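Which chain is which? They are A, B and C, in the order written, and residues in each are numbered from 1.
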Amino acid sequence: MAGRAFALTVGAAIVALTLGTLALVGLRAEGGWSTDYSALRFTVVQAALSALISVGAAIPVARALARRRFRGRGALVALLGAPFLLPVIVAVLGLLAVFGRSGVLNQLTGLAGLPRIDIYGLHGVVLAHVFLNMPLAVRLILQGWLAIPAERFRLAQSLGLGPRGIFRHLERPMLQEVLPGLTALIFVICLTSFAVALTLGGGPAATTVELAIYQALRFQFDLGRAASLSALQFGLCAMAVLLALRLSAPGGFGRGLDRVVDIAPAGWRRGSDTLVLVLAALFLIVPLGAVALRGAPILVDLPAGVWWAAARSVLVACGSSVLVTGAALALALTPGRWVDLVAMLPLAASSLVMGTGLFIGLYPLVAPEAVALPVTLMVNAVLALPFAFRILRPAATTLTSDYGVLAQSLGLRGVARLRWLTWPRLRAPLGFAAGVSAALSMGDLGVIALFAAPDRPTLPLMVQQLLGAYRMDQAAGAALLLVLLSFGLFALLDWGGRRGSAL
Amino acid sequence: MRHILAFLCLIPAAAGAQDLTVMTYDSFVSEWGPGPQLKQGFEEECDCTLRFVAPGDAAAVLSRLRLEGTRSTADVVVGLDTNLMAEAEQSGLFAPHAATPALDLPIEWTDPTFLPFDWGWFAIVMNKGTPVPHSFEELAASDLKIAIQDPRSSTPGLGLVMWIKAAYGDRAPRIWADLADNILTVTPGWSEAYGLFTEGEADAVLSYTTSPAYHAIAENDPSKVAAIFNEGHYLQVELAAKLATSKNSDLADRFLAYLLTPAAQTVIANTNWMYPAHEVPLPDGFGDLPRPEKTLFLAPSEVADIRDAAVREWQAALSR
Amino acid sequence: MALHCENIDIRMDDFRLTANWRIETGARVAIIGPSGAGKSTLLMALAGFILPSAGHILWNGQDVTRMPPADRPMTTLFQDQNLFPHLSLTQNLGLGISPRLRLRKDDHSRINAALDRVGLGGMGARKPASLSGGQQGRAALARALLRDKPVLMLDEPFAALGPALKTEMLGQVADVADTTGATVLMVTHDPADARRLCGQTILLAEGVAHPPQDTIPLLDHPPPALRAYLG
C-alpha cells in the first residue's frame, strides 16, 4: 500500500500548492471579494468554443492516423507535440505570420482579389487555442483508438461491419470514454489563457479572468479580488471535471493479446483521410515553419548567456519531468474521483496567484532567490502534472481492470509490478507523459519570476529579457532554441516510449 | 566543476563585507540593461557588494515590496514610474533620500522621497515612409493599425490612457471611440506590442520617442521614427527610492547619488534607451531625435485619483 | 485438514450468497448452478478478491479471510486472461515461482519441465498471442503446477475449447492435482465435466452454496432447482 500513501502525498502537495497558495493570498487580503462578470462570460465562452472545436477537429485526424500507415506518419505524430510546447508569444507570432494582416493567407487573398481576413476577435482567440491544443487532443484520442484490442476489430470485420458499423460499435464507445475528460482538460487550459486571449482578442472586450487577476495583483494590489477571481477559476475547473466524469462512459472493450490488425477501409474514405491529414499537417507546419524561418538565421550567433540559460532550463526540465511522471503515475494508478479532481487543480490555478501565495508562505522562512531552483522545479512539476495524469489515466485504468486480478493473485507488487507489468504495458503513455512534462517545464515562467535570481535566468526568462531590451531578432533566435530544445526533449522521451509499440 | 555548478544553480554568490540589495525590474538587470555596468561601477567605489533582485516588471516590483512589507531586505528600489508613485508613497515603505542633485527634466521635480534617474516621452513609433499623423485625431482619421498595451497590465499602456486624459480631459472617451478602429490589438506588455510592430503585423506601436535611437545606434537601422503630436507628449519618469527599513541607509543614499553621476547616467541612456535625468552628453543618435514642443504630465496624486475611472472609460470605449 | 467456509455471507448490491460447509483435503469438487447464481463470485471470494460481509474462510483451522490473494494457499485459473501478453511463456511461468522474476538456473529447468509436462516444450520464448487457446490454457496450468499451492481453483478456464481438447485438459488438471496432491475446486456449467473430474459437487441455487454432495447421485437424482438448470 506504499503506492496509495505516495498518491496521497502527491495529492496533498498539489492541494497545498494550488488551493493552499490561494488561501495564503486570501488571508493577506484586506478588502472584500468581488467578481467581474463580463470577463467571466468571455472566459467561459472562449474556453468552451476552443475545447469543443479542438476536440471536434481532432477526431477525424486521430482516426486517419489510427487506420493509415504511410511514410512520415511517425514524424507527424511526433510533430503533434510541438505547438502545445511553444511559448505563447512565439506561437502568436507564428500564427500571425500565417493569419495576420501581412500573413501568408492575406497575401493569397489579396492576390485573388478577395477581402482581407481579420484574425483579431473571438475567432482569433479560438483559432490560436485550437492550434495550441488540437494536436494534444489528436494524440490522446489516437491513444484511445489504439487501445481498442485488435481482436474487437477482427470480430467486427468478421461480422461484416463496415466503417459505419465499426464506428457505432467500437469507435463511438471509445470516444465516449475519452472525449469528456479531454474536453474538460482543454476547457480548463483555455480558462486561464491570458496573453493569447488578449493579444488575438483585439482589445478589452476579450478580457479574461486571468487578466483581471493580473490587474488586481499588480496594479491594484487587491489581494482579495485576486483570490476571489482565482477561486472562481477553481470553481469552473471543478465543474468541468465533475461534468466530464459524469458524461464519461467506460468503453469496456476487454483485453486483447497485442495483436495487430489492418483496419484501413478503402474507397472514398482513403481520399478523405488523406485530405484530413494534409490539412492538419498544413495547419500545424506552416506557423511552426514561420517560427523556424524567423529564428534560424540568428541561431548561430546567440550570446553566450543564452546557452547557459538553455543548460539551466534543460536541467530543470529533466528534474521536473522525473518528478511529474512518477507523481502522475502514482495518481493515475489510484482509483477514485478525488484523484481526477485533484490532478486537474493545477490547470485552473492562476500562476500569478500561485507564485504570490508561495511567496507569502516562504518569504518569512527563506530568501526567495535561495530557493529559486527547487521552487521552479516543483512549480513546473505541479503545473505539468495534469497533462501527464490525463495521458496516463485511461491506460492505467485499463491496466488495472485487465490485469489487476491476475497480478494480485500472483503476488506481483511493488517494484516487481512496476517492472514487469506497469512499465511494459504503459511504456508509450509514460514516454509521452515524460516528454510533455519535460517540454512544459522548459517553457513555463509564469510563477518563477517572483523567485528568479536575475543574473542566472532560465531560457524563457532570457527570451523575455531580450524582448524587453529591443532585441527582437535575438529573442526570435532564443525562442527557436527554446522550441528546439523543448521539442528535442519531448521527441526523445516520446520516441523512447513508443519504440516497439503501435503508436 | 564547482564553478559550473554554481553557475547552473540559481543560488546567489556569497556576500561581501557590506551588502546593498537593489530591487528593480527584470530588463534593467539583463545582460543588455544598465544593471551589470552599474554594479561594476558602484562596487569599484563603495567597497561593498551590490545585489540585484528583479521580480518582474515595474508593477511587479512594487507588488513584491508590498508583499514583503517591513521585513523587506531590499535597501533601494529602482524603476518605479510616476504612475505608480502615489501608491508607492501610500505604502509608507520608502524614506526620503539625501541626494539633492540638479535634475534635467522637462518638469519641475521636488519630491523628497522619489528620485528620477531617467525619463522619456511616450510616442507612437512607426516606419519611415508611412504617412505620419500629427495628433491622435489625425491618427484616428488614418488607416494606420497600431498595437497598444493594456493599461491593466502594463505601465506604457497606463501611460497612454493618462496621455489622452491629460490632452483631452472629458473628451477622452470620444477620442478612444474614434481610435477604436485603428487599434490592431491590445497586448499584455510592451514587448508583445513592439514585437507585432517589428514583425510587420502592426503599422505602429506605442513606445517612446527614444525608441528609434536604439534601432539607429545598435542596429544601424534608421528606418524607425516617432510621430510628434501637436497636443503634446505624456512624460514617463523612472524613479529610484530608499526603503525605510534599509539597514544600510548611508550606502543606499550613496547608491542613489551614484545613479545620477555622469558615468551612471551615460550607462543608463545607452542601455535603457531613455533620456538621462542629469545633464550628460547625449549618446549619438539621441541628438537627432525630434523633441515634442509640449510635455503633458499628471501629478502622481492626480493619477491615483482618476486612474480607475480613466481605465474604465478606455475599456468601455474599446469594448464596443 | 480442510477448507472450511464458516457462515460465509457475500453481499454485493442486491446479490447475496451464503455458504457454510467444509471440503476435505484432496477432494475434487465441482461448482455448478444456473448462470448468475454466483459461481465465479464464490471462487473470487475464496481467492481473496471479494471480502465476505460476514463469516470466515479457514484453511486447516487458520483464518485466511483477510489474507492477500497471493499469500493464500490457493492458485486460480481464470476464465481468460491468465497470461500477460507482453511477457514470454517462460516469464509468465516464472512469475509463479518468483513474483520479482528473479529466476535461478534450476528455476529455469523447473519451468522447462512444467512446459514439457503440458506439451509446450521448447515454446518458452513465445508470447501468448502466438499460441492457440488450448495452448494458452495449458501454459496457465503449467504455472499453477509451479506455484504448487494446496488448492487449485478453476473458473471455467476451458469453456471455449472443443470437447476433445477439453477432455484432454481436464485429464491434465487431474494429472497435476495427482502430482501436487492439491484440492481442486472447479466452476463449470457442464455436468459432464463434473462427472469426469469431480467426486463431489457444490450446487449453487437461490443464494445458497449447498454443502458438497457426491456428484453421481446428485446428477442422477437432481433436486428441483438443479433439474430446472439441467433441463
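Here is the rule we use: contacts are C-beta pairs under 8 Å (C-beta built on N, C-alpha and C of every residue); 3 or more make two chains touch, one makes a residue touch a chain.
Just so you know, these numbers come straight off a predicted model, no measurement behind them.
Taken pairwise by the contact criterion, the protein chains link up end to end in a single open path, with no chain closing the loop. Closest to the protein's overall CA centre, chain by chain, comes A. By C-beta pair count, the most extensively touching chains are A-B.
Set against the C-alpha centre of chain B, every other chain centre is closer than that of C.
With centres set at the average Cα position, the gap from chain A to chain B is 35 Å. A straight line joining the Cα centres of chain A and chain C is 46 Å long. Annotation: 79 Å between the Cα-based centres of chain B and chain C. Residue positions of chain B in touch with at least two other chains are not found. For chain C in complex with chain A, the residues that touch the partner chain are 47-49, 68-71, 75-76, 78, 80-82, 84-87, 91, 95-96, 99-101, 127-129, 147. Within the complex formed with chain B, the residues of chain A that make contact are 28, 38, 89, 92-93, 96-97, 100-103, 120, 194-195, 198-205, 207, 211-212, 214-215, 217-219, 221, 294, 303, 305, 308, 311-312, 315, 356, 359-360, 363-364, 367, 369-370, 372-373, 376, 449-457, 461-462, 464-472, 475. Taken in their complex, chain B has these residues touching chain A: 7-12, 26-27, 29-33, 35, 52-57, 59-60, 62-64, 66-68, 71, 73, 87, 145, 150, 152-153, 158, 180, 183-188, 190-192, 194-196, 198-202, 211, 214-215, 218, 271, 273, 314-315, 318-320. Note for the complex: chain A touches chain C at residues 255-259, 402-403, 405-406, 408-413, 415-416, 419-421, 424-425.
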